[in-house]
Each structure stands twice: as structure tokens, then as C-alpha cells.
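Shared between the two complexes below is chain A, which pairs with chain B and chain C, respectively.
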Partner chain A sequence: MGYPNHPHQRETPVLSKYFGDAEARTLDGWKKRGGYKALEKALGMSPADIVNVVKESGLRGRGGAGFPTGMKWSFMKPGDGKPHYLCCNADESEPGTFKDRELMRWTPHALVEGCAIGAYAIGAETAYVYIRGEFTEPLYWMEQAVKEAYAAGILGKNAMGSGKRIDVHVHKGAGAYICGEETALMNSLEGRRGNPRIKPPFPAVSGVFGSPTTINNVETLIAAAPILMNGADWYKKMCLSNPKSTGTKLFSVCGNVQRPGTYEVVLGFPFKEFLYDLCGGPNHGRKFKAVIPGGASVPIQTMEEAEATLMDYEGFVAQGSMLGSGGVIVIDDAQSMVSVIARIARFFAHESCAQCTQCREGTAWTTKIMERIRDGQGTMEDMDTLLDIADQMTGKTICVLSDSCAVPVVSGIKKFRGEFEALIQGRRFHPVIAAVA
Partner chain B sequence: MAETKMINLTIEGRAVSVPDGTTILEAAKTAGILIPHYCYHPGLPIAGVCRMCLVEVEKAPKLAPSCATTVAEGQVVHVHSEKSLDARKGVLEMLLINHPLDCPICDQSGECELQDYTYQEGREDSRYREPKRFNPAEDFGGDVIYVPNRCILCTRCVRFMDDVAHDPALSVAERGDRALIGKFEGKDLTHPWAANVVDLCPVGALLSKDFLNKARAWELDRTASICPNCTQGCNVMMETRENQLVRMRPRQNEYVNAFFMCDWGRLNYRWMNEKNRAEQPMIRRGNALAATTWEAAIAAASRALKGKKVFVAASPMLSNEALYLLTQLMQGGSGAFRVTEGPEAPLPGVEDLALRRERAANVNGAEALGFKKTTDLLAGLSQGDVLIVAGEDLAGIDAAAVARAGEVIVISSVLPEAANNASVVLPIANFSEEEGTVTNLRGRVQRFTQARQAPGETRPSWLVLGDLLGAMGKQSNFFLPSEVFAQLASSNSAFAGLSYDTIGFKGLPLANAPASRPKAPVAVGAA
Partner chain C sequence: MTPDLVGGLESPDYASHDRSAHEPYTPVFTGEAKRELDTLLTRYPTKMAALLPALWIVQRERGWVPEEGMLEVATLLDLTPAYVKGVVTFYTMYHQHPVGKYFIQVCTTSPCGICGAEDVVKAFLRHTNTGELGITSPDGRFTVIEVECLGACGFATPVMVNEEFIESVTPEKVPDLLAKLA
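And now, the complex of A and B:
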């Protein structure tokens, strides 16, 4: 049934195994559950071997882009004379996503361990955990865990007696969506305004403080420990459809669904069964209408598309969307799609960093038009204008925030044109509300 | 220096060859193609935020920002293809949705890049139907006013203050379409070079208080000149309206001032419009000076000088040409000058660029031509010598010291009070009214040209001095200042090899001047 409930029998809890287990938050409790064994093992291996195991396992970035983690780590060339840095992206700000929050709340030591393994693997002595400003509780537990780890000699200049220096710093952001973009995160970490940087240079060449940097998502780093302990083959075997998508993935489900929560399933799991079985299906008397499967910035799926989806990187793309961050937003037939899209657009307009023209002006303009249509003041030309603005906002800016704002608008108009037209033509949206049994 | 690798590419069908590391935007300039842009400025670090300079590069998946994309061998770039024109049209429409169409009351109108590019390739109409954002105008201190409604957030001003002036005073405040340029708490644009942000602003968001509502851009006449206000010799455009100098703005010269000029120099132009001018040649009749013709005045001056030892009290504002001709009048005498001083104010982001301590244009030229720099101006004046007061105002000079002179000849724009007993007054044009050259503190000889008409019967200094030399029987047949300079170059080894043609409008160093390097552009990517 997914956290905060007991796991559903069809879930595969690897990372979420100790959710709700208060003792796992402490160092002693974590060690009792096999914690820091992976780090100990890692410190006995060569960094190149660790990178190879991760490469072999097929682990891909869990933050949204799905870039192969082992390959990302291998970009960090040892002995280039510059300090290397590991950044853990814990800014989880994608609307609908709350998996990293739970990971840090319940298993903070897992992230400390993951950071230490990752830092060692890329030849870094310092890892930064950039935590979203609103995450006060995860921040507390992360700070506790880092403190405990230093006191126990797990971190510091002689990490676990290996002679290697590994420092982990927890840095609190101020709560900006854009600081989850890797280069904006680095700017923010350095004390600058959180604006994305132009790439190239890529972080692996010039990242934090101008040094080679690797940025990984919380879930990605935490997954490294079980991979090292159980081997690449064990991880690779956890795959239900496409061999390019291996392992388990946390999905945070919210919206109009019976049992919202954080679920961990093996990649390739059928989305239909996930929604109707694990998540309990729609609320009483309602029907699912649409799903946004990977956080607010991925294309909206119709139910037909969603029900045909296998939950992995390729499966979502095949059905017109993306896996993204795994933030599943379920929308039922009582909701107006125009309202939903207008609200999403407003979010992006609020969070645009204001650098690029198309994003700064386009997100706000899109919002104004969307809200006008929602309020029954739209015209048929507005839809053409929206699509044209969306085209101007796609692929022309430094980062993908403006693309993200355009995506729900374009997919919304394409897949739910009828709702737009109804509002424009003065037919108000009437939700179907069933009598409560 | 190692040979720089050259990269060959094609831009708009033209073959271009540029050094490795050049951006597409700069490479296009060498082929005579201006790629429209706002945030890019060659004197600032690259931001790549306006997205105006997007061009189509063959085989690239997306349009490339040409200001932030370096050239690659064999690249084929399309600046005016349908795709790139469409993208720029989109940017222009977006920039205009919150930009008021108040061009009729905007100071920038006529020299506004948003206006220019919108006329060039923008949409005819806007599809924006919603209300525009409004923020009140703000006094940024110094000479600068900020009008946020017109701001397109190119951040040139922010980058200038951060990376060139090294005085972070500005930042982008807020996010999304609410963003505007903000001033840090307690900070003002009082840096001695801060007013450059007004020139850098591509639209009418940053305005000069001094120039506010004074003139429309198309009413101005622009003349290439040199800032006369210190020894740095920044290259400027003198902008006049109805013969009045209303604004000075920097003119690019990578050997002197890059793209900038200081606020003090910029705002210190009113003296060139002064009204208390000596407008007619005069000679002494009894106890008073009386107007006369140029012929009579020149003849009187020549009589007074005949066979006498001459002491010249010169102004370091005079051109090389005038100073050179003055040395020809000395007849065994000597010359001296004094110079006003003020605090030095460097621009940290540009090598060897500062508002200099010595506040006159031609201190180095005067010294190169043998004039003595002194604080006691008339110390070299012996009893009975003829004193030529050339451009000097004699402020603070005791009349008794002047009285040592046997005779006083004034060759100035303004009649100094201390020289009331002058026997001849020859009125000359001031710095903005004539052509000539000056030598800056690094020995660079630079031309300035006539921006205004001289009042009354005043004549250019070189012409007056040439006529005087002619009247005294010395060779002089000068029709142009370039001829005076040619004679100077042939008689003075420091000026050897220079001519108006070779100097051009970027100047050349004296033969003995230290080698000067081009100003290094601000390091790319220094965010």
C-alpha cells in the first residue's frame, strides 16, 4: 500500500524498507540493519572498480533525466590536479514528488553512506547535500546523521579508518524550484543567485567553485550501497521489461487516488496495475481522467496511454510522457484539466529565474491566458497563441524550465482540447459528482 | 606567442576565418553581419540570457546562442534563416509584452536597440491582451535613473558593476516576469565610472539625469573627439544640438579606454559651451582694448614680438599643433604650463584605465614640446620679456607678476582678468571648436575634430598662430591643421613618422612611448 501504510505485497522495498522504522534513523539502529557495510566494502575497493560495478548494474539517474550513473561518475578523471566535488541534489522541488523527502526522513544514514561511496568513487573529498528549504524535518535528520557519522569516525579525515578524507556538508536552500536544476544548484551553493549556467562547460569539467563536480539525486546515491553489497547482477535482474531500465524506483503518488503514498516497484511494472491495485484506484464514484506520471513538467497522459504504460524510462516515453522524477499526479473526472494546467503554469511562472526572455515572459503570459480561459474569458485564437508561445519556449533557453511549462500546455491542448473549447464557448465545466454511498 | 589556430566556417554563405575560441557572434561581425543581440557586450562577461542572438547551425539539434557558442571548423551558420528569424521574432514579442510603447517620451528613442530590431525583424502587432507590469522609476544615485518598466533584464548593468567596476551595487531582484534590477541596501551608483551603465543599457531603462529630456537622439550631431578632461585621453563622441554640446559618450578604442569613460569626464563638458568668450581680435588703444580686424591685430602682435625674448604661459588643453607653433614664436625664450589636479580613480576591470590625477588633455604633448610643468606659472618670465598668455586663465596669478612683462599678448578663448593690460588679444576656438591632436599620458597621439562652430570672429589656434608666424616673416602657409602636424612631425623626432592619415581615429604612440597593449576583454565566463 506504500508508505505511510504498510508496503503492498507487490512492492519491492529495497530503499524504502525501513520507512516508518524510527530506530533506523539513528546510527546504532542503522548499523544493526546492515548500514555502512557497503561503505566499508567500497573503501576497500578501487574507485574505478566501484564505478564499474555501478556501470554494470545499469543504475540510471533517479532525478528525472535518467542518465546512466556509472557513466556520469566515469567522467570524473582522476589526477587532474583539481579538487573534485560530489553534490547530492536533495532539492526535490518537482511538484508531485516526495520520495527523497521520505528517504531522508527515515534513512538519513543511507544518504550519508551513499554520499560517502559516491564521493570516494569520483575522487572527491567533499560532498554537499543541497536540501530544499522547505524540508525542515529531513534537514534535521540529515544533520543528526552527519553529526553521528563524524562522531563515529565514519566521515572525516580518516573515514572508517581507511586513511581517506570524506566530508559531507548539509546545505539548506531557500526554497526555489530552479535550484533543483544542477547548475543553478551549484550557483546557489556558492552563494550566488540560483540561476542556471550556460552549458558547456558541463559540471564534470567546471562545476562547484569551478572544479569538476558530479551531481546525483538522493535516490541514485542511496541505491549505490545495495548495489555494492549485492552485486551488479542482483540489481540488473530487477527488471520487468526493458533491460536498459534496471532496479527499483520510488514513485510518489498524489492526487485523486484512494491510497496516495510512496511506492517502490521494480522498473517495468505495469502502470495500470500500479494505479488500480497498489494505489487502490479512483475515489468512490469517480473515474480516472488523466495522469501526470513524472512530476509537473512531463506531458500529461490520458488514461488510455497510462493504462498501456510499463513503468520504466522507455515505457513512459512510448506512451507519450516521461518517467521524470516518479511523482505521479492522478487526476479524476471531477477536475477541470484547464484548471489543472493553469495552476501548473502559474507554478512555473512563479519559479522562473528570469534570465531567459522566453521563460521570464512566456511562463507569465501562458499563465495569464490559461487563467483567462479557465475563467471563461478565452477565445479560440488563445489556443493557437498558447501553442505558438509554447513553441517559442521549447528548446531555446538555458535550462528546461520554460520547456517544462510548455509541456503540460501542449499535451493538455492536444489531448483535452474539448475541455478548452467548452470553456471558451461558454459551456461551464460540470464535474460529475456521484452520490456518496 | 604561439601561432593561434584559425578556424574556417561559413556564415550566411560567406567564408570566414577567425582565431580558435572566437564566438559565432564576433566571427559574424568580421564578415559584416550583425547578429541582433541584447545581453552580449564585448566589454562584459557573457551571460547568454536574452536569447536574441539565436542562430541556426547546420547539424546542431537546437538553435545556438551565437554569443556563447564558439566557432568550429566547417560550421555552417544561418543568421537569417526562417528558423532563426522566427525565434528572434518570438523574443521581440516577448520583450515587448511588458515594455511600454512610450517611445515618444523615452530618451533612448532613436538609439534604442529594442526599437531598431523590432522595426527590423519584429512582428507588426502583439498578441498580448493582458495588462502590463508596472513598477515606479527609481533614482539609482550618481547620474542614473532606473525605469523598470522599460527594462529587458539583459543584466549588462549588473555585470558592469560586478565585473568591470568591481563595485557590486546592482542585482536582479525577484523572479519571473516580476524581476527587475535592484540596488543593494545602502548602495548607490556613485562609483566614479558608474554612468557607463547608461550607455550599456540597450533600452531606455537606465537614463542619465544630466541628459534627461534634453534632446531627441535624431537631433544630435555626433563628432569623434577626445575627452579633454584628463590625461587618459578617452575617445569620445561629442554630441551637439544647435551648436551646444549636450552629451559626451565613450567611443571604442581598445588601446585607451575600451568602451568606457568616467563620470567626471563625461559630465564636465559645460565649459566648452561657455558664453563669456573673447569673440573679436582686440588691440590696446589708450587705456582700453578696442575691437579691430584680424589683419590689424596680427600685425600689432607681430610688431610687439619683433626682436623680443618671449615667455609663453600655455594651457595644457591646447593641441600639439598650437603648442608647436608657440615654440616657434619663443625666439630664445621659454614656455611653461600648470595643470589642475584631482584624485585618481581607476576602473579596476580594465587594465591601465583611470580618471587621471592631471586634469588636462595634453600635459604630455606640452612636455614633449619643451614646455615646463610648474606650479609657479610665471617664474620663468624675466623683466621686460613679452608674455604670451595662450589659453591660460591666469586664475590666482598676481597682477604684479604679470606686470613684469614688457608686453602681454593674449591668445585665448576667454580674456583673463589678470591680463587686462594686454596689448593684443587674439581670440581662438576652444577644444570643441577646432581640430587637432593631443598626446595622452602613455604618449599616444590622438586626433580630435570640430564639434561646434566657434563664436564671433574667433579662429582656430593653429590658424591664428600660423598667420602670426607669417606676419613675422617666418615660413607659414598652413591651410589645414594636418599641415601644421606634418611640419611638427618632420622637425621633432618624437613625432617622426606620424601624420593625420596614419593616426586615424584610434591614435598612434609617439616614437619614444612605451608599447601599449590592447585592453584585454573581461574574462569570458567570469559570472
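And now, the complex of A and C:
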């Protein structure tokens, strides 16, 4: 974790090693810690070799989808006569997720380095770091880092004396969850409303400014540097369960838990030990009731499922959820699941870009019905209506925001039906009753 | 306390703001701000891409984004005023109306919600004398709104006061926090 507490002995700090170390934020401090050596090495390699090392390492996208990074980079064909662009997705807005904020505010140069490596690997001269507008502290540190890197000749028309041009620009968002969706991010970057685009064309063919574009998460790009320094085998060996999930992953933990914060563990780590040992277990006198392990848009897990989970891409799926962005929301027995889900639905209703009917209407209807049930005004038919709406919202829209709103509702009704029924039948939610049930 | 969902989206009540009471508009993009915009334009292959940053400059200089500001930006970037307004209204962080000197955003999304964010909101409404979300206090100093996920869930409840990001706010800390703003 590193901030505000020391890392737990069972963590494997690779990316989070310098959290809480203020000196690492400066160029000199970052160089003292071995910074920019990976970029130097990268600029001495061919882009194709870099892509191969990353492919070989098994690194997968850390933003939510888990797409193999090396493969994504290999879609960018050199010599197609068009400018290439790298976009770093730092619009971290998924409820429960705050790992990229920590990465950017403690190790801004790590991201500058990651962007430069990524840009070089995909044949781009320009990388844009799209940071959400609310992240004033990460924005400040990233702007400082970029400025320092330009002054030191690390960025610019002759990056580190390589003769290659690499520009990195920080772009400030203006408050829209949907801009974390890659095509919406590109629209926003172009100065448009942040409406997602229909795919195809995929970004690697026609992305930002109509040019081939790769969009990577902050954590993914930062991970590229240690992979290049230590080799693909070193990274691949960091694996505790499924060989398709390699390396370390940051998990940001929040909600009703003793020690919330950002933890870095090797993929495949047992979730039960993670929750009870690393995160310190439930607050005094409370019991965990449910976990949303990958940000608000993944299915809710019961404790039974969570405790049987191995923390990797496949492990979360095997236990009825998804790894997502690694934003772990822990819910204890003092909370009403109906209230929690109603609030999640309201979030999605607020953040829908309103482009697709199923999403615009569906998220608002879902919110109204969920809040009606929460307030004791619901009927038994409401649950069927919710499931029906959720069905209409899934797989029918341009992007997955609509699906994301349906997911917690469907999993909530399936796994915590008793709480819905109790409220509908006029019994008020009471934490003690829920704890016994 | 939470506004109704109208037509799928929330429509905050800004009725209390008297926009006519404000001074006549003077152009933002002169001198330093113009040079800043010119630098921004070198970073993108299109002029349009500088729209979000340009609007940020307007808001920084004027405290909000008035229609005249949108017109000015539209002219500079070869866009139509209607297009610029379409973009401004999409994003939640551009103020389309004047707000209090201290614009306070309290995160109430689920992870903060289960850690007691509602009580933090109530404390702010009480101690700032605003009483209602989105309304500016009679002395013009405070506007309090609920905001969706600020991305600092492990530090519940995060609060933004203008550009300042404050972590781990509890209802008890609110009076002290407000006193420091004075």
C-alpha cells in the first residue's frame, strides 16, 4: 500500500513501491530510483521487439477488459502513412477504483516513461494522457513531470538523444464517467461531447483524429517499464494460479473494511486472505455481507463466492463476477443491499450519455424502481420488471454502460432476493435482522 | 434531497441564480490567456481539440462559463456557438451559472454512501447555511452539490472545495474545514 500505511508483507510492490515517497515525484528522485532506464533501453530496441517482450510477458489491460496489451500494440501497423496516437486512459471514474490516482500522484514520472515507451512501440509521436477533471492533485503532478521531462530532453523532438520525436500532453477532462470508455474518450479529446462511437472501425484502424490509435490504462503503461527492464520471464513467473493472468495488479479497496487503500498483489492471490489479512477484515462487531470486486459495474459476489475466489481474470469469473478495474467495494451487514444497488443505479442514470434509448430510459427506470423498493413502496412485480428492463439493457447499446447498470441489479436480485422481498413486504431493513439472515 | 430524474437525466434547480446581476462580459482571451491558448493549439492536429482546455480557461478566469464566453471560444476555434454550448452542457464540471465563492462537491456514490457520505452532505448544508443542494448561500460564499464518484473511495468521504481535494471528511470535521476557508 505504501500510503497512508506501509505495505503489507504479503504484498508484492512493483508499481506501488514508491507510494508515499515524496521524493519519487521529482525527476531527480525518479532517476535515483532507476527511472527512465527502461525508456533508454526501449529506445535502443526496435518497436517490434518491445511489442514482442510485452506479448511474451502476458501483460493484460488493467483498465477493466483485460485485453492482452502486446496484441493490442501489434494491431498498429508501421508505415501506413498516417500519424499514430497513444491515449492513456486516466479518466478513472469507476466507483470503487482509485489505483490510477495513487499511481499518478506518487509516481507521475513512471507514467510519463510508460507513455513514452508505449508511444515508441506503436510508432506514435504523440501520447495524450486524458485525466479526469476532478483529479486536481494527479493533474498537478503529471503536468510537473511532463514539464521536467521536456526540460531534461527526455521528451520532445529528440527524446533522450535517440533522434525520435516523442510528445506527451496532459489533457484535462471535464466531468463525465463515460469518457473512460475508449471511443468516448477519443471524442472528448477531439473536443466533442463524450458520446461513445460505434465499433468498427476499431481505434487501431481509425481512432482519435481519424488516425490509428491505441488506448491503454495508466497501470498497463506503467507496468511496461519494469517488464522491459527485467524481462518477460520475470513478469510471467509472477503468477499464483492461471498462467493467462501474469504479473502484479493493484487492487483499491474501499467500503466497510478496516484498512481501505491500494494493495498490490501477484495475480491469483487468495481473495479470502486478501480481505481478512491484508485489509484487516470487517469493522469491529460487523461481518462482511457482499463484495463488488471490480468496480461498480461487475456482478456482486456473496461472501461464499468471494472467499472461494483466486484473484485473477479467470478466478473472479469462476466465482460469478469479474476482475474489472480491481476496485473492491466491501459491504458489511449494516448495509441494505437494496440501498447500495439503488445508489449504483442512480450513478449510472446520472452518467448515461443518453445516446441509446435502452440506456437513457433503462437506467432512469431502474433507478426509480430500485428507489421505490428501497423506500418500502415496491411490489413483487417490480422485481420481474427490473429483470425485464435489465434484459433489454444488455448487449443492445453502443457501449457497455447500459449493461453495467443492469449487472448489479440482476446479480443483486439473484443473490439477495430476501432483502428485496422483505422491503416489499413492508419489513424495514434492519442491520441485525440481515446479519442473522 | 436527491433531485427527480426528468427525462432520464437529472435537472438541478438553479432557479435562485440571478444571472442579470453580473457585470458586463469582457473578453477572456487577451494577453497571457491568449498565449496559453496558442500554446494549447500546437498540441493537437485540429483546433476543435482545444475546446475543453479553452473552456477551462474561461471558467478559471470568470468563475463560470457564460454564453458570451462560449461565443468567444467558438469564434477563436472556428466552431458554432451552438456546438460549443452542446459540449459545455455535456460535461458536469463547467458551471453554466455563477456559483458560490467556494464550490463544494461531496461524493455520495455507493462506496462513500456506505461509509456515511449522506451525513457529510447534511453537515455541509447545515453549516454553510445553503439548506439545499445546488443553491448558493445568501452571502454568496457557498454552493454545495453531490457529485458522482470522485475516485478516492478509500478515503471516504472525499470532498472538493474549488480545486482543492480533501480526503476522509466526516460530519464532525465540517465546521473546522469551513472555518479554514474564511
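By our rule, the second predicted complex is superposed on the first by the 429 of 437 C-alpha atoms of A that agree within 3 Å, B and C clash if a C-alpha of one lies under 4 Å from a C-alpha of the other, contacts with A are read in each partner's own complex, and residues count from 1 in each chain.
Operating definition for what follows: a residue touches a chain if its C-beta (ideal position, glycine included) is under 8 Å from a C-beta of that chain, and two chains touch if they have at least 3 such contacts.
For clarity, every value in this text was computed on a predicted model and none was experimentally measured.
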Now for A:Thr302: first (chain B), second (chain C), both, or neither, which partner does it touch?
neither
Between chain B and chain C, whom does A:Ser411 touch in the aligned arrangement: first, second, both, or neither?
neither
Residues of chain A touched by chain B versus by chain C: which partner has the larger set?
C
Contacts for A:Asn216 in the overlay, against chain B (first) and chain C (second): which applies, first, second, both or neither?
neither
Examine A:Arg197 and indicate which partner it touches, taking first as chain B and second as chain C; both and neither are also allowed.
first
What is the contact status of A:Thr366 with respect to chain B (first) and chain C (second): first, second, both, or neither?
neither
Touch check for A:Thr248: first (chain B), second (chain C), both, or neither?
neither
Partner chain(s) touched by A:Ser74 [first = chain B, second = chain C, both, neither]
neither
Going by the contact rule set out at the top, does A:Ser325 touch chain B (first), chain C (second), both, or neither?
neither
One more residue to check, A:Leu189. First (chain B), second (chain C), both or neither?
second
Common interface residues of chain A - those touching chain B in one complex and chain C in the other
176, 192-193, 349-354, 360-361, 363-364, 368
Interfacial residue positions of chain C with respect to chain A in the complex
2, 5, 7-10, 43-46, 48-53, 55-56, 77, 79, 86-87, 90-94, 105, 108-111, 113-115, 147-156, 160, 163-165
Under the touch definition given earlier, write down the residues of chain A that touch chain B in their complex.
176, 178, 187, 192-193, 197-198, 201, 349-358, 360-365, 368-369, 372, 381, 385, 388, 391-392, 395-398
Can you list the chain A residues touching chain C in their complex?
83, 92-98, 100-101, 132-137, 167, 169, 171-177, 188-194, 209, 252-256, 260-262, 296, 327, 329, 331, 335, 339-340, 343-344, 346-347, 349-354, 360-361, 363-364, 367-368
The answer for chain B against chain A in the complex is residues 46-52, 54, 61-63, 65, 68, 87, 90-91, 93-95, 97-98, 127-128, 130, 152-153, 171-172, 174-179, 525, 527
